[in-house]
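The data blocks that follow each hold one structure.
Common to both upcoming complexes is chain A, partnered first by chain B, then by chain C.
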Partner chain A sequence: MDRSAEKIIRVSNAVYKYNRDTEDEVTALRGISFEIAEGEFVALVGANGSGKSTLARLLNALYIPDEGDVFVSGINTASDKNEDILAVRRTVGVVFQNPDNQMVASIIEDDVAFGPENLGLPPAEIRERVDWALECVGMADHKKGTPFRLSGGQKQRIAIAGVLAMRPRVMVLDESTAMLDPRGKKEVMDVVERIRSEAGVTVIMITHFPDEAARADRVIALSGGRVAMDMPSSAALSDVEALRSIGLDAPLPARIAYELRKRGLSMPEGITTPDGLTEALCRIKN
Partner chain B sequence: MQNKELKKTSSSGGLIEIKDLTYTYNPKSPFETRALDKVSLTIERGDFFGIIGQTGSGKSTLISHINALTRVQLKGKVNDCATVNVCGIDLTAKKPDLKRLREKVGMVFQYPEYQLFADTVREDVAFGPKNLGIGDAETDERVREAIRLVGLNYTEISERSPFELSGGQKRRVAIAGVIAMRPEVLILDEPTAGLDPEGKRELLALFKDIQLTTCPTIVMVSHNMDEVAECCNKVAVLGGGKVLGVFAPSELFSKRELIRSLGLELPVAVELASYLAEHGIPVRPECLTEEELLGELLSAYGGGR
Partner chain C sequence: MKDVVFGQIYPVNSPVHRADARAKFIIMILYIVTVIFASSFMQMAVIALLLLTVILMSRIPPLKVLSALKAIIVLAIATFIFTVLLNKGEGAENESLYLEFGPFCICGTGLLTGAFIICRIVLLIVGPTMVTLTTTPVDMADAIEFLLAPLKLIKVPVHAFGMIMSIALRMIPTLFEETQRVMNAQKARGACFDHGNVFKRIGALVPVLIPLFISALKRSADLSDAMESRCYNGGKGKTRMKVLKFRVSDILSMLFSALLLFFILVCVYNWWNWGWVAFMQMGTV
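Moving on to the complex of A and B:
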């Protein structure tokens, strides 16, 4: 059990069923295992219905696995002690898809303060955390404004600040860019990278977009409630066939390299970026 | 290609004709915002018409005028010279025939699966045609056809609850509910948002099929430029409530500065082709799709078979 203390997240043979023991029972997760170390940036990918969002809800004890265990910083999320569940939720913060559903106050700084206030922190510390969180997401200038007139990307950054102000060690983003336009997506991805590098937060990002997954160090791919791939992101994202077989797309440079290779051109494995493709093509020419 | 043929046979004048349309939210209040500013557009029968622009550029306000969910503002004088004619119905009239309009214009909202409500898929899809006053036998026929058109199996799915389906299936059921009304124009607001790549591909193939078989004119709002490049024959670019231009996709995506200045992206194929071209790889930077780019690379490097 010493090992579990090292890892911030440990999921072991987790099974989760919706409508358990009824005729509508659906098994969403069929025995999932992986570990995530503090400071990692993991992309969790998978087709619709593969179990990604269910897994996200297991990581902060919104759901408890029917079989197997989920440990957060060594604490089993199935614990019946209230303080354990609180500790889990303090450790793992979740940002959801629709920013409009995550706003609770009519002034931005009040919205961000909602979480730390609920932690029962002294006012001076709340003030400090709110300012810090808004600074992190680049929204400090808007703190007296109202969230309802912001763009989608700005709203989502406020939602992230609200989670950040609770100083979680792990942040789970459940398709948090899905409803945003390209500019909003970029804003959110830049913020995610900043909180990871500057605040040292472990990031687990659920996404359909290969370019977003490419920013992570590691990709865990789910298919039919099981882990189909778990490897460094460059290896995962260059495996066009494996991704296709679970309903996902590799990034375009990887797909092009794959097709060229299939037609007899010499292309090395592992190409995922425009840079890599250029280099391989230049080699053919010479 | 079919689009062009269809266009030739169509009569002159657009199926949807909008001229000098202005719309202001919260008029005469501190929050007054001009969402549309003298917008003019012509959409012809047979068009797969794309509308792009940043959040807040007026896209949603514009399409909600087309099926009169947002009514042309007649107070004041801003729209005195405006034209909004959709399938022959004048929407600047005081009391336009909205029932007829909504028979002709089908609207698929963003995340349409949130609007499913009935106990079974069959009842959900039948809701629209029934409301149009169509008899049971014909409604039944339309429901079967619509479910088949969206790529679902009627016998397998018709008596199931829509809520126990997967996200992609739910969306198809919601779209079937609109198609069952047999509209002449289908308006799609971000139709593939939130779907996985496979789901996106299937849905786009479905829209192309629907265009050929039942509903010749499609208007699509999208942030996904790959989709726009693949499906649309014309694209209107909106910015700050104005139409900045209507282009063919190949023309549009060669206007890099315009696209970037609007906070939009280029299709990934265009992006990659230009990167390769800049780095001395012999491809045209204006390849719009993956197939085009691959074809160019194969002919340049002599790959094949």
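Moving on to the complex of A and C:
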């Protein structure tokens, strides 16, 4: 197959079961298919137990699908060649939920260097990448320090730097803001957006906060291990009823617009942000 | 959190911090042997003085270093008490002070030996603490991997040893925080950790250890996922950002440590019957 024409991520009919062939078998994914092109910003939403985090691990070859396939820039993650698996992991970097559980070293720059060191790069290049990655997430001042006294948002930015230093083409954020306070969330989201615009990294953000999903271009919603929605984020997030049916709340502005519309006010479709709502309301007044 | 010293680096810039981790390990081993051989208070004083010089050079507040001793205070006191009680000295006739009760006794020799053993324990703890206070876990893992390299010949997973130690050190503050959290959660539900006798208090810790253990397992599963996803491959083809390099100062320090060991051995055994050795044998126990 011609690799240049291949989407960076292609999931076709993926099925994944935990504890396969035992009494406790749980099917987490029941046949998922989608494609993601390079440069997209996709939010993957779903209620607890919808299979979001399982999917993140499939994209990184941590799990191999029981049925169906996952292709990362044309490489099947089920490949049994070690080089293929490493190539997949070099392309797709994952930032996990708990920053404390993904730090390997007790000095910040050593932790960020862990990935590039595993890639076998020469020391000078590792140093350069570590400095660049810490600069990107705005933590360059802390590089000789220890992560223990930092805030959750700062720790998570270091975890992002650790993935960034491997220069991945795709970054998966697996509920990376779930444990942070609003300020930490904003710090991390700003960094993600900067990485996307400056380094051109494809971002897949797994979240159950609809407000965060509103920053993405496209929303894929999972429900019960299946894809329930796959559309541009404004369309997906303003569909209050569809989101409610899969156990999610639409962003507050979308819900307000929905309730106003139900009471007979004419509101345009696709409102997901406070700005959009304000604009629509002002237009009514005039 | 603030009290944890064991295994944690104190990140400042000093000659001791910059020294090669392998050199520090070798010096530590020579130092431990030296402390064990030393047999008089005078020799202990010489070692302690040199250790103090290293502490001052490292720019770590000496109190911070000494707080490492908190962890072993019970052990030190217990050792002292047993040494004093069980040491019979030279018998009741030759001792200036002699109290006997049952199988135990307190005598001058016993007290002196007890004090000597406390000095030895303190020196044995403070020295290695200086290594962990001034060396990053990653450097330490590399040093261990380097020093154990000969074992690779008999297929010992040397890289894994280094990695395990480095991660264990990295996890100490995290697990400590977790312990506090579990204890607080149980206090909120009416558990008591500061009432009753020793046995009751120890019993109250069991319900703390179980959730702690489970969460440590969960953390290690998460960590292994994170490491794998960052291309960790058991250390195959791994390079280093900071390559360890022996410098002249490292080699000189190692030579000096070896010399110190030799000096102490001369002081203890006095092979050549030098007169000044008697001075160094003052306070022999």
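The rule we apply is simple: the second predicted complex is superposed on the first by the 279 of 286 C-alpha atoms of A that agree within 3 Å, B and C clash if a C-alpha of one lies under 4 Å from a C-alpha of the other, contacts with A are read in each partner's own complex, and residues count from 1 in each chain.
Following the convention adopted for this analysis, contacts are C-beta pairs under 8 Å (C-beta built on N, C-alpha and C of every residue); 3 or more make two chains touch, one makes a residue touch a chain.
The structure presented is a predicted model; accordingly, all values stated were derived computationally and were not measured.
Once the two complexes are overlaid on the shared chain, A:P268 sits clear of chain B and of chain C alike.
In the superposed model, A:G247 lies in contact with chain B only, and not with chain C. In the superposition on chain A, A:G200 makes contact with neither chain B nor chain C. Contacts of A:G49 after superposition: chain B is touched, whereas chain C is not reached. After overlaying the two complexes on the shared chain, residue contacts for A:L260 are found with chain B alone; chain C is out of touch. With both structures placed on the common chain, the touch criterion links A:P232 to neither chain B nor chain C.
When the two structures are aligned on the shared chain, A:I107 is found in touch with chain C, with no touch to chain B. Chain A uses no single residue to touch chain B in one structure and chain C in the other.
Residues of chain A touching chain B in their complex: 24, 26, 46-49, 97, 149, 151-153, 175, 178-184, 208, 211, 247-249, 252-253, 255-256, 259-260, 263-265, 274, 277-278, 281-282, 284-285.
Note for the complex: chain B touches chain A at residues 31, 54-56, 164, 166-168, 193-199, 223, 263-265, 268-269, 271-272, 275-276, 279-281, 290, 293-294, 297-298, 301, 303-305. Those residues of chain C whose C-beta lies close enough to touch chain A in the complex are 1, 8-9, 11, 136-138, 166-167, 169-170, 173-174, 219, 222-223, 225-233, 237-243.
Note for the complex: chain A touches chain C at residues 57, 60, 62, 82, 86, 89-90, 93-94, 96, 98, 100-107, 109-110, 113-123, 126-127, 130, 144-146, 148, 162-163, 166.
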